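Report on the following structure.
Should a chain be cited, it is by its letter among A, B, C, D, E and F, assigned in written order, with residues numbered from 1 in that chain.
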Amino acid sequence: MNNALKKPRKIYVTRTVEFNAAHRLYNPDFSDDENRDIYGKCSNTHGHGHNYELEITVSGIVDQATGFLLDMKELKQILEQEIMKRFDHKHLNFDVKELRNAVPSTEMLAVTVWDILTVALQRYINKGITLHEVTIHETRKNSVRYLGE
Amino acid sequence: MNNALKKPRKIYVTRTVEFNAAHRLYNPDFSDDENRDIYGKCSNTHGHGHNYELEITVSGIVDQATGFLLDMKELKQILEQEIMKRFDHKHLNFDVKELRNAVPSTEMLAVTVWDILTVALQRYINKGITLHEVTIHETRKNSVRYLGE
Amino acid sequence: MNNALKKPRKIYVTRTVEFNAAHRLYNPDFSDDENRDIYGKCSNTHGHGHNYELEITVSGIVDQATGFLLDMKELKQILEQEIMKRFDHKHLNFDVKELRNAVPSTEMLAVTVWDILTVALQRYINKGITLHEVTIHETRKNSVRYLGE
Amino acid sequence: MNNALKKPRKIYVTRTVEFNAAHRLYNPDFSDDENRDIYGKCSNTHGHGHNYELEITVSGIVDQATGFLLDMKELKQILEQEIMKRFDHKHLNFDVKELRNAVPSTEMLAVTVWDILTVALQRYINKGITLHEVTIHETRKNSVRYLGE
Amino acid sequence: MNNALKKPRKIYVTRTVEFNAAHRLYNPDFSDDENRDIYGKCSNTHGHGHNYELEITVSGIVDQATGFLLDMKELKQILEQEIMKRFDHKHLNFDVKELRNAVPSTEMLAVTVWDILTVALQRYINKGITLHEVTIHETRKNSVRYLGE
Amino acid sequence: MNNALKKPRKIYVTRTVEFNAAHRLYNPDFSDDENRDIYGKCSNTHGHGHNYELEITVSGIVDQATGFLLDMKELKQILEQEIMKRFDHKHLNFDVKELRNAVPSTEMLAVTVWDILTVALQRYINKGITLHEVTIHETRKNSVRYLGE
């Protein structure tokens, strides 16, 4: 192999998944007027929905032997188990226990996904691989990014 | 003007709009088992949702003086009034009277949009402008097209 | 249900799948010079590759009870079995028996996919559901469409 | 070769090109008030601009020997010569003689591209290859299609 | 609410807007030859144009009560007032006073947008919300990013 | 010119290129079983392929006179010479000497592109312009980012 390639290199790998969910922006601690004022049409009683596109980025040093940061098959399984099963074809206000009593805004969703994946990815910490970024596109026009800060 | 441009020309004009809605695939005439069997995770009790992307195509002869098939500002108003107000940030099973008692699949949604717009575009019939096609992308992978047949 | 929705409606449903494959444009009946002249860099010895995006469109009358043209879970299984298993992560010149002795151009690929799916979808003929169109995007700039003509 | 592949097959091949141009919607035969009324902000004096995305579709019978409908290198040269040189980095109202005295709407542009390419592609007529469709996306939301009718 | 969600979290929220404008790359301090040499076809006399896609990113701590970083309705109004009204359907060389005497390259445009929005977003400073990034896509192939450095 | 625009501004300019290549994930130091276990279908004997989309980002201070970070015509030539000639329509395992004896994963490809461009862009160092980031999208779902760390 090219000797230069043997130097340790820090790489960011991003996997994109999409789930389809309903949500309603509504805070029971606010009056109905406050909810309408703050959330507008996003607080309609029965909710609305989105095709949420998530970009999950992990980072660490490339493994010289495999050429991989990590086994993508494993990452896909984790995202299937932790993200798709939890959020896909669900109503975020009713069906996701991690969001219970929270307003399921894209901001809160990004933070929640971060918290869930930080735990699920702990098995990689001894290899120096960590979660770097969670980006969620709610629509083509609105997205939110969280980096664990 | 270039004389060739004066010949009558049949043009198809497409306007794309996006709305965000929840839906649940569920037919009360079926048993719970049948619903689960036919609709799977799409029949979850509280529904899920999508960013629906609609492509509305109208066709007719270009107006030589304006260079337009029709006034796009008018078409935008019609789509705002008839489509966005009716479907955007709504739960299709509860909030849309045209879909009441129907299974709000993308197929039924496309047909419903066609029926609504056929009426709304009647003012253009004497100019020879008619609705040609309704395409709805439910996700990046699934879409449905209806041409009034 | 809205009575208008009970009229028979002809719908086109499109499912998109993507596979990643290598190919080499090369006809052994041509001389090396002819191959270079006709296929240019596309005839490089070891081949190159693409993310092929396929849009498979079927059409027929919507089922009033389910709201579906056909069971999308079934269509997904057919595409998994007939398209993904056959073409994904393959070298089209070596690994696909249907393309043996053919130049694996996007045109030939579209025709081949049509022929394969026409057979696989025969079970739907008695319901009046037929394959309508196969579109393959080889790159963002080049695509090919076949309608069985 | 698979014998089925030897049957004549009618294929549609689409090539996408993008050009960046300015235009102003304005008809000198109309009063200033009429222009403002019809074209709104699109009639601003100095013009505005777009990334125009063109999809050019030709159709005919696949050549069994090459696997191609036509030599894509040739089609690329024609589009470079006839479309890119004429329209790219130009102001459609000033720099394109085919549009002189016409309102450079997307409709008129599509018709003009059709007329230009019909002439440029005449060399293919004896092979049964003809221009099938010109689609122009002016923005992500507006597009126009012309099929020579 | 999940207690973990109560920790302060720094979030980046991105809103995307698109405007259609003409521009000409030309510096009157350069000779005609220098302009042609530096800007090539981008210096054509009457200008050309683009669909400019802007991604505006603001950052700060999520408001626990609303689940929002900031009221998106307000941000949309600011972008409508400060960006769309100023740049949409305009010729950047003639119609935008902030760009007068500047070469309206994408780089200068990004810096100008940053300067405008920094002022417009000052009302959020006491909430710790600041402009983080301005990205402008001029075409699908060229983009520019400015972070206020 | 607006005086504010005269301050030094650090800009990030991104150019996107796409190449079509085949590759096979396979390490001759591993047994056949290990290769299958680690790389799965990605280790199929004849390889498969992708439309690789590269985003190359350079950064530095905008030149006040030209409005540019650097001459995009030059950057395009460098990418044509160093990236497209080397990788486009190639089989990464056979045709690219920089990847010889390396596993041509997207991670290794990103690092290799970085090393090649760092050398090619040395002519800009005295102007303070440096390579900032290489991002490669292998598919719509998988991408890798390298920043020279």
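Keep in mind that, in the parts below, contacts are C-beta pairs under 8 Å (C-beta built on N, C-alpha and C of every residue); 3 or more make two chains touch, one makes a residue touch a chain.
Just so we're clear, the structure is a prediction, and the values are computed from it rather than from any experiment.
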Chains touching both chain A and chain F: E
Separation of chain D from chain A in steps, with touching chains one step apart: 2
Remotest chain, chain C as reference, centres from CA atoms: E
Shared interface numbering between chain B and chain A [over half = same, under half = different]: same
Euclidean distance of C-alpha centroids - chain D vs chain F, Å: 33
Computed distance of Cα centres, chain C from chain B, in Å: 26
Multi-partner residues of chain C (at least 2 other chains): 140
Graph class of chain-chain contacts, one of line, ring, star, complete, other: other
All pairs of touching chains, each written as two labels joined by a dash: A-B, A-E, A-F, B-C, B-D, C-D, C-F, D-E, E-F
Interfacial residue positions of chain A with respect to chain E in the complex: 25, 27, 29-30, 38, 40, 98-105, 107-108, 110-112, 115, 140-147, 149
Complex contact set, residues of chain F against chain E: 1-2, 4-5, 9-17, 57, 62, 65-69, 71-73
Residue ranges of chain B in contact with chain A within the complex: 18, 20-23, 41-42, 44-51, 88-91, 93-95, 139-140
